[in-house]
Amino acid sequence: MAQPDLKLDVAGVNALMARAFPDAPVEALPQVTDLAPGRAHIVRAYGGGMLRPGGVISGPNLMSLADTAAYALILAHIGDQLMAVTSSLVMNFLRGALPGDLHADASFLRLGRRIAVCDVKLWTESQDRLAAQATVTYAIPS
Amino acid sequence: MAQPDLKLDVAGVNALMARAFPDAPVEALPQVTDLAPGRAHIVRAYGGGMLRPGGVISGPNLMSLADTAAYALILAHIGDQLMAVTSSLVMNFLRGALPGDLHADASFLRLGRRIAVCDVKLWTESQDRLAAQATVTYAIPS
Amino acid sequence: MAQPDLKLDVAGVNALMARAFPDAPVEALPQVTDLAPGRAHIVRAYGGGMLRPGGVISGPNLMSLADTAAYALILAHIGDQLMAVTSSLVMNFLRGALPGDLHADASFLRLGRRIAVCDVKLWTESQDRLAAQATVTYAIPS
Amino acid sequence: MAQPDLKLDVAGVNALMARAFPDAPVEALPQVTDLAPGRAHIVRAYGGGMLRPGGVISGPNLMSLADTAAYALILAHIGDQLMAVTSSLVMNFLRGALPGDLHADASFLRLGRRIAVCDVKLWTESQDRLAAQATVTYAIPS
């Protein structure tokens, strides 16, 4: 689609996220590493407590990053609107995510004035072996 | 639907969950409080770090409990099969979850041999004011 | 949840639906058969062209009725607002729907001013053997 | 992802679809127009009875094409396995689909032995203005 303009850069989004989640342990806070119009890349460094039985990254960790990736994508394009809230998140788990840094790539399916719908792809091994795909909808305060 | 029989009791499921997530901080581990054929009730005690901007419980905390509630429901009915894995989770956020103990009620839409589909309702204030509803699908190992 | 009041009765909703879909073949138009605060029951009579390979009712027929059931439920509670539009529909197919009249039971997970989220259960054989479950979200025009 | 090989060509898939839905009115049967490894393009010609109030293509017509697009994609890659069945379909409606031929582009998020997860994008105006996005999961018979 015709892509919307960015309002913030990488440092700006990361600063906003740190402000949004003041209680989060620093090591659990994912970092935006790349932004382009309509697209954001975010990484959560691998750390303890992220695995589930079977030795793969747990579903809640994947869902949490999917949600955060969409939030970062939206903030990058609408600016300092911390009150955007998730209205739905649909997660498809595609294969076990082997231990490693967890990557998410988020892009807009639609950025409207009141609603943003984001496609998020997640992986640890490589972008060719997706661990999960999510569709995340946010309500944007008016 | 005609409800399946329970294979484990409350203490049995809680013991299994503690074994499944040995790294989880004790205070973050939800507890099953009630089981009936086809139904499980689970509670995560309110604690620090659970909020998002706006002072409501964050989406990842709600999604995590939805996933765990479905897992507990399934384990209660199929027994010690820790390798059951989430294949999809659909979360609808209905209203902000005010700070407080987080409750989830999980029931089967279908318990098949290979697939279980669970409906999960979540709230803090009261069951009449749902914070979220999830549909969680697990693949059951054969 | 505390249930909202009905604004229309069964005949009123059916008349509205017939007006909303003037092109629909009469036999394909489902009929609301019961309404209660927060709940609607709707039936599509079994007819030709509804099956898929395997001799069960096709997915699109089930999805269509799920969407219509949610629409009827919403109209019953907000009145003559034909411009309510589906914003998302999540369908879980639980077992094959044997040929027969197709029933749907819709209830609110939340009826807000701008958004309604509905749970819909579908079956042909009996309500104890669900063929599918849907979560349907509508945007309500202001 | 590394893309799977095609087992059928465009004519082969269209023949299979016509066989799968012998009752479907010819004009309602979408046609596959392009296939590539991991990807299928399908079109339903615009015709009467496809609109909903507001003059846009109705949700059930969009959902039906999303389901059919995923089915065609899967058949193209696994061959003559008509018994593949949808296990879930998640539809996000992004903007009204103006009257016109309805296009769908389906690609694999994952093609496993038992499960295929497909991403489907739908539009009438142009691929830059999506009307809807779906994630469709099929169970593949063994």
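Here are a few things to note about the model shown:
Which chain is which? They are A, B, C and D, in the order written, and residues in each are numbered from 1.
Keep in mind that, in the parts below, a contact is a pair of C-beta atoms (placed from the backbone, for glycine too) under 8 Å apart; a residue touches a chain by one contact, two chains touch by 3 or more.
All values derive from a computational prediction rather than experimental measurement.
The set of chains touching subunit B and also touching subunit C is given as A, D.
The interface of B-C is repeated, with over half of its contact pairs matching by residue number, by A-D among A-B, A-D or A-C.
Chain pairs B-D and A-D differ in how many C-beta pairs they share in contact, with the greater number at A-D. Seen from the C-alpha centroid of subunit D, the farthest chain centroid is that of B. In terms of their C-alpha centroids, the spacing between subunit C and subunit D amounts to 23 Å.
Chain geometry summary: the mean Cα position of subunit B and that of subunit D are 33 Å apart.
Measuring from the averaged C-alpha position of subunit A to that of subunit D gives a distance of 28 Å.
Among all residues of subunit B, those that touch two or more other chains are 87-88, 90, 92, 137.
Per the touch definition, subunit A reaches subunit B in the complex via residues 20-21, 23-25, 48-49, 51-54, 59-60, 63-64, 67-68, 82-83, 85-93, 96.
Residues 1-2, 90, 92, 94-95, 109-110, 117, 119, 128-130, 133, 135, 137 of subunit D touch subunit A in their complex. Partner subunit C is touched in their complex by these residues of subunit A: 87-88, 90, 115, 137.
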